[in-house]
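After this come two complexes, each holding subunit A, first together with subunit B and then together with subunit C.
And now, the complex of A and B:
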């Protein structure tokens, strides 16, 4: 199933740097970078079977399921862990709303009344 | 009792076996009675302490498992969902999964930093404030609290992993104290419990009786219960592990053991007694048999007795040795008997030999008889009489030389002396001594006969040859006195000659009488005489001798007490005896009294002549009646021949009377008694 909705990357506060490009975002989600300016970034992810996550991985990380799986197995042995997985978009929204440094991908339409900032639009 | 035991080997053995069997039993009984309880108590405490330790370890393991589980949960990333009030119920799902795994009566819940329950396995509690918020505010690490509604709280703080370790809230497990039941033991006589005195929670396997809990001790004891207690794991502060033991169960084994021991002692005593009795009898019976046989052997001199050896042990060997000894004794006794018989035979033969020798009349016949007899006794040896080496081994015969008063070698019994047994040698030596004795006897007898003959010839010759000239002297002097006129001086001289001649004639007559008596030629004239006649005879004699007594101014009396009795005597000899005794009494009494008394009874008539004269030394009384014996001064000796008493003695004996002379000593007078049996 393809995810057809517009999704965005949200953050707890304003974007620390002047911009966030796809490469930077990819590096943050693959654990290659951890900071934006002085802010430590804690990416949040949805469950593996979530269409939004699959769309995000395809579009931003540019890796299919097997590649990502192999990647994190390798990283696991290097002591690195994948982004925290949450079960629902609502949970992502609440986490980002409450915890500084957290970012997550959510459908644009889900933001609603949550007090979050959009950091990236694909 | 003790004496019987001392004297009986069987009893000693019995007592010994009994003691050997019974004493260890008694010691065990005493030991179990005195020290058994203490020992069992100590071992029970030690054993149950180990049991308690195991329970403690189980409790500890359980608590640590819970701790590890809760810490694991607390570290899970999803606990960050507290931030979003467990929006996706991921915490709830985890708690429920863990709750299911635990299988305990417990509630798992998560509260946020505001003490609101975010998630709970008890759904109804969610979104409420947590009632033990006070405990939570102090909890910065894993902590256990006992609270007052039957719960134990296990509390773990939760820290955010996304937000730099910010405290999110707490993970809590409300643990029902009933869960602790699993650690109780269900064992008879034992009650285990986990007890919190502060909250009075008591999780026990049965009824726990009250006991005193003292700080620093781990043991409480009363008459029925023994209670062990100790603080449990530090995580469960204020909780004690209780171990209560029912003494009746603890000591049940001991009491049963004691009962069995007492029963066993009674049965064992009976068994040991029977066994000891049987053993004692078995060991002692052969000994008793042996002792009985020995007793019979000694008492009845039956050395042929044997003891049947009833076994091959030491007693059997003793019995066999006894039988060997018995055989030895029997053979020795037989040998002794044979030797004794031989000795008796030899003695008899010796006596017979001596008897035969006594019948020999001269030396030649004596030797012939001896050699003949010896040849008969030992026909295997050739016996002869030879003059040989005096110092040789052969039995020598010696004769006594009376002339020179020494022994002279006469000859020897020629025999194969070296081939003889020691006893046989002694026999021949004894025979030689007997022959010597008989030969000496024959020689002495011959010599005596010769001497006697010479004496008689001499006295006879002396009497006849002396009396004839003496009669001539007397006749002539009497003629001179009667028919010649002589002056006083001449008459006096002649009278002296006549007197001396009379005395000499009297002495010669006495000697003749003595010679006749000794030659057995005296003509005895026995007649029956009454007591009165004896008195008359004695009175006449006294009157006849009265002038002599008066001359010496002696008191001279006769007392008689006669009965109608008669004696058969020679009155003529009695007169001689009495006159001799009276004249002796007067002769040896210088002053004092001479009393004669005659007494008669049914058995005898006794004439007693007592004087107060010089008396006789008692040592000399035995030889007083020997011929020619006189004791006293020389002047008195001259007046008699010294044969007066000897004659009187022989006269009295001749007519059947008994003459006895007695004196209490010198100067105490003498008493002569003539006793004549009545008819």
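And now, the complex of A and C:
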């Protein structure tokens, strides 16, 4: 199932750097970079079968499921972990609202009254 | 050490495993701790095509690792050549239950520019040595250059400095014996038994091309023989192709013996499960006055990303010596 809605990357507070581009975002989600300015970033993800996650991986990571799994197997040997997986968009919103440094992808329309900041708009 | 290994396994049996997020090959979380458990094993079969052959349970390793903020730790214990049976002119069976400390380190990454690592780790030289386990490397056999020029492991300090995203400097410093000498003083787990290692490296990234160069010095613990080495590596990845080459030279500090070795390898991915590999290798060892050039062709099948079946044929260009290798390896 394709994800047709507008999605965004949200953060706990204001964007710590001047901007977050797609390359930096990709590096954060693949564990190649961990910081924005001095803020250590903890990316969050949705479950593997979530259409939004599939859209995010296709558009930002530019990898399919099998490529991502193969990538994280190598990282496992190097002692690195994939982003924490949460079960729903609502859980991502609550997590980011609560914990500084966390970021996540959510549909723009789901933000509602949650106190989060939009860091990236594709 | 074997008592330590048993205690290690016992401790795992009493900690509840957190399996909700588990995917085969990505390790398993220990309860609610930020600690993960994984491991790998490999079984190899070699046919020397002269009535001799051998089966080896080559690697059996457990990894325990985790991270908290900018800190990360890794510990890997391994039993190497746990079972070896040879067939043909001399039929022998050998067992080894010695547990070795393969990697034990703590690293600290206060920002994206600097990472420091303290402990025993894979020497970050070339490409092959960064992912050297059978399940992750391209062929069952390891290129000789990765075993003959520089120490595979360093016990000490590694400082990585990223100047810009495409330029990185590495400094390696060892001033003690290998960490594994705490458990195996006679035969520590490394290709050279060293007590000194100093190396400076530079990595440059240009699109699909990555270039690495290292220069260093190490000293053998028993003989105090000192060696200087230079090492260069190149990797080019584009679509289904990957071309990789590494070349190194090692010379005795007195300017005597010199050994050089290198390989050039091409890999073509038919898809994510099937790969074809061709490689040519050379070794030139002045001490034994030997110069070897051989080639190999291999095929790799990954039914799952963390499970690999490999076949490989090697042939020496001069002597026509040949060998076939098969292996099955799993990361869990």
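What we mean here is this: the second predicted complex is superposed on the first by the 122 of 122 C-alpha atoms of A that agree within 3 Å, B and C clash if a C-alpha of one lies under 4 Å from a C-alpha of the other, contacts with A are read in each partner's own complex, and residues count from 1 in each chain.
By definition in this document, a contact is a pair of C-beta atoms (placed from the backbone, for glycine too) under 8 Å apart; a residue touches a chain by one contact, two chains touch by 3 or more.
Computed from a predicted structure; not experimentally measured.
Undergrad: Please indicate which partner A:109 is in contact with in the superposed arrangement: first for subunit B, second for subunit C, both, or neither.
TA: Neither subunit B nor subunit C is touched by A:109.
Undergrad: Which chain, subunit B or subunit C, ends up touching more residues of subunit A in the combined arrangement?
TA: Subunit A has more residues touched by C than by the other partner.
Undergrad: Of the two partner chains, subunit B (first) and subunit C (second), which one does A:88 touch, if any: first, second, both, or neither?
TA: First partner only, subunit B.
Undergrad: Just subunit B (first), just subunit C (second), both, or neither: which does A:72 touch?
TA: second
Undergrad: Quick check for you: in the superposed arrangement, does A:98 touch first (subunit B), second (subunit C), both or neither?
TA: So A:98 only meets subunit B here.
Undergrad: Given the touch rule stated above, what does A:6 touch, subunit B (first), subunit C (second), both, or neither?
TA: After superposing on A, A:6 lies clear of both subunit B and subunit C.
Undergrad: Kindly classify A:33 by the partners it touches after superposition: subunit B alone (first), subunit C alone (second), both, or neither?
TA: second
Undergrad: Same subunit A residues contacting subunit B and subunit C, which ones?
TA: none
Undergrad: Could you please specify the touching residues of subunit A with respect to subunit B in the complex?
TA: Subunit A residues touching subunit B: 42, 84, 86-88, 90-91, 94-95, 98-102.
Undergrad: Please name which positions on subunit B make contact with subunit A in the complex.
TA: Contacts found on subunit B: 77, 80-81, 83-84, 87-88, 90, 160-163.
Undergrad: With touch defined as at the start, can you tell me which subunit A residues reach subunit C in the complex?
TA: Within the complex, subunit A touches subunit C at residues 33-35, 38, 40, 66-67, 69-70, 72-74, 76-82, 85.
Undergrad: If you look only at subunit C, which of its residues touch subunit A in the complex?
TA: Residues 21, 23, 25-27, 36, 38, 40, 63, 65-67, 69-70, 72-74, 109, 111-112, 131, 133, 136, 272, 302, 305-306, 331.
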